[in-house]
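You will see two complexes here that share chain A, one where it goes with chain B and one where it goes with chain C.
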Partner chain A sequence: MAVFMDLNLMFSADRTRISKLLETAAHLGFSTVAINYMFEPTLPLQEIPVPKPINELIDQLPVVQGRSRPIRVLNRLTVVVSDPSHYRPNAPEYRRFDLLAVQPTSEKLFHAACMLYDIDIICISVTEKLPFFFKRAPINGAIDRGVMFEVSYSAAIRDSTMRRYTIANAASLTDSCKGKNVILSSAAEKALELRGPYDITNLGLLFGLSDGDAKEAVSSTCRAALLHAETRKTASGIVYTARSQQEAPSDPPEGQFWCRSELSIRVSDKNVTSTCAGDTPAAKRVKTT
Partner chain B sequence: CAAMMQGQTSDWKIAGPCTFHRVVLKNASPHHYMKVHLELEDNSNRLSAVELKHFIIAGLKNLHGEVGAALNFDVLKYDEGSLTALLRVHSSGLVKLWSSLTLLGSYQNQSCAFRVLQVSPFLLALTGNSRELQLH
Partner chain C sequence: MVRVKSRYLLCEVNVSESRDLLLLDDRAVAGAVRSAVARMHGDYGAALCSIRLSVKYLNVHNGMVFLRFPKSCYQLLWSALPFITNIESRGQQIPCFLNCLHVGGTIRTCQKFLIRYNTQQLQRILPKCKNAAEKDQVCQEILNCLPTRGSKPTYEGGSEFEDERE
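Then we have the complex of A and B:
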């Protein structure tokens, strides 16, 4: 089973707030979180932020509930694009981040983000009525390229008007993409705005996702986004190896069990969607570009 | 079981096999039980069971309207000290109740959060929590 992830915790300069957020996320059962740096080029005097090293934000990473290992923290950049010049392909500043997301504000930019931009996540606005309709063609293009759509829910907790917009926008998204490639994340600024993974799964049902898609929206789809982010840094794809142990036949020679370890190789390719599954045999998923 | 206890002292073959009850539900169980904990920003604030139920109904009405507010659910048990409650709800209304708990964000102008600790169709399952086991 894939582990739970929350790919959007808002960055704030306040150290105690960040450490409280990370502790709460670990306590709720999230194994991986991403700290999100917003970048809005329209605001004056804005520069692309530089991610802070994790050890400057928190002294010791908290242990995830139910698994005795510390939480994994990533950095993510979200660019609010309202003009085609705001997204700069191959900008060296983008390389410092593990994940790259954009939030398009017009239909044209949404189309470009789905079809052209080398990004991992497209944020769906949840604080305003959608300025455009989701069209099938760009959404199918994004699904083919492995780009994810993200809906964040903390605005819905803060305000009842935002709640209406969140539900309406999320429902229209799930209508057009049929529940595929949807990520649910928090965008929380305070620890009390975080919710547990199973709560979010249940909330996904409200957004029109199916049971399975809702659970994947906090687990394996997020993993697919991370793998997609890794392919961005390489030429064409990445290879994952995992050790699988097999038990010997029931009657071992010296009254002992012996283990045979073998390597199963999982290949995820830039042009293959949902590399997350991990269940399909590797051979099936390798595709020549 | 008693037969086995006796069997241990004398002979195993004399004692009958341990009786084992298997319960099979042919239909989906009618109710679901939830154990929830209310986390408040200001810990000094205490609320009574009546206030808690009123708060949850207000949340249901906010999200699902009058139809949601008409949803039948019970507060079976509530501990004021730890702000932990046991709720019972018809299985058909579980998603509505749970989602309204998730989206409840403020109580009397201070932020709060409902932490859903356990959900089960069996009340007995809420007696213990496997995540709090201390394994050595």
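Then we have the complex of A and C:
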């Protein structure tokens, strides 16, 4: 059984607000949530935000409704791209986040985001009329690469004109992608803007999703997005490199570099025999290459 | 036997402050649903609402609501429920949202679900008990809930759950 996820809770510096959001999400039955940090390069004096560790935000994670586990909290970065230079591939700042999303504002950037950028989620803007039409080619490319499209609904709850834009944009998206790879998330700033998973599923019907697609949009498609994010961090989900703490005295930069070189070899060879680069000692690792 | 079919939605009214719930009444909830449907679906929705929409049950202690919709159009009417942001009751605006927990074809299945759900809630508050007396009381309540034989007044679990939380 798939668990419900909400991959977009807006970050705010207010601790009580975040903890209230998390508690409500757990009460509604979301097993996994992602705290979203927005990054708009066009605004002056902006730097890529650094995710706060979750234990600084909340003392004790609430237990999910109907399960005995505490809620799982991830970090996510959304970059609003209005110029190709705004998205920097392989920026080290991006690696701190579990999920990476972009919100393209023009057709060219949407095309690039679908076909080229190494991201997990493409946000569809819901607060304005869409400045371009969705074309089948980039959307099919994105579906092939496993990139998800995200529609958030809390703007629709706040305001009547936003509701029109949300429904219009979401309907035109579902027309072109035929309901595949769509995720529905809240983008809630306050706890009262969250909705239960079954309500969201039914809301999906307004956006033109079918019953099954709408249910997947809050459960298994979100899980696919998370798995896609993991493959972005690792090489095809097989090789995983981590800086080990014990080896710190003996030249760590070289060791790190070596890990990277192996990683690139594995990817280029498409050699999918499982190797574990993380925990073998350095001497052994040299032999295996 | 042919009967008029309906869908019963078991919803939970979520508010930020639990004392606001005591202000709610049936008519306020029905009015909020009607106005939300009219806002979302226009005259057509309002017309569908006027057929058989009713609030069958409302527990002001924990905010449980049974809504009855005609079966033919319940999805359309349900899709308006997320857009309820506040309920006007006794001249006050209560900011809240409705969270649908269960959709049933009869009141009876909804009631069964509600009893199970309330038992679950008791189990959830068990670790939060501060002293042994409270804990015993909650345990006793859980045991009382388990055999749902009908001899017990059925919604009691819900109201006592609220007393525990105070």
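By definition in this document, the second predicted complex is superposed on the first by the 237 of 289 C-alpha atoms of A that agree within 3 Å, B and C clash if a C-alpha of one lies under 4 Å from a C-alpha of the other, contacts with A are read in each partner's own complex, and residues count from 1 in each chain.
One rule holds in what follows: a residue touches a chain if its C-beta (ideal position, glycine included) is under 8 Å from a C-beta of that chain, and two chains touch if they have at least 3 such contacts.
None of these values were measured; they are calculated from a predicted model.
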item	value
Clash or fit, chain B versus chain C on superposed chain A	clash
Contacts of A:K215 with chain B and chain C, given as first, second, both or neither	neither
Contacts of A:R76 with chain B and chain C, given as first, second, both or neither	neither
Chain B versus chain C as contact partner of A:L205, first or second or both or neither	both
Touched partner set for A:R195, first chain B, second chain C, both or neither	both
Partner chain in contact with A:V63 - chain B first, chain C second, else both or neither	second
Common ground on chain A, meaning residues reached by chain C in one complex and by chain B in the other	28, 65-66, 153, 156-157, 160, 163, 192-196, 198-200, 202-203, 205-206
Chain B residues touching chain A - in the complex, by the definition given at the top	39, 41, 62-63, 95, 98-99, 101-105, 111-113, 115-116, 119, 131
Residue ranges of chain A in contact with chain B within the complex	28, 65-66, 153, 156-158, 160, 163, 190, 192-196, 198-200, 202-203, 205-206
Chain C partner contacts - residues on chain A that touch it in the complex	20, 24, 27-28, 63, 65-66, 153, 156-157, 160, 163, 191-196, 198-200, 202-203, 205-206
Residues of chain C defined as touching chain A within the complex	14, 16, 39, 75, 78-79, 81-83, 85, 95-101, 103, 120, 124
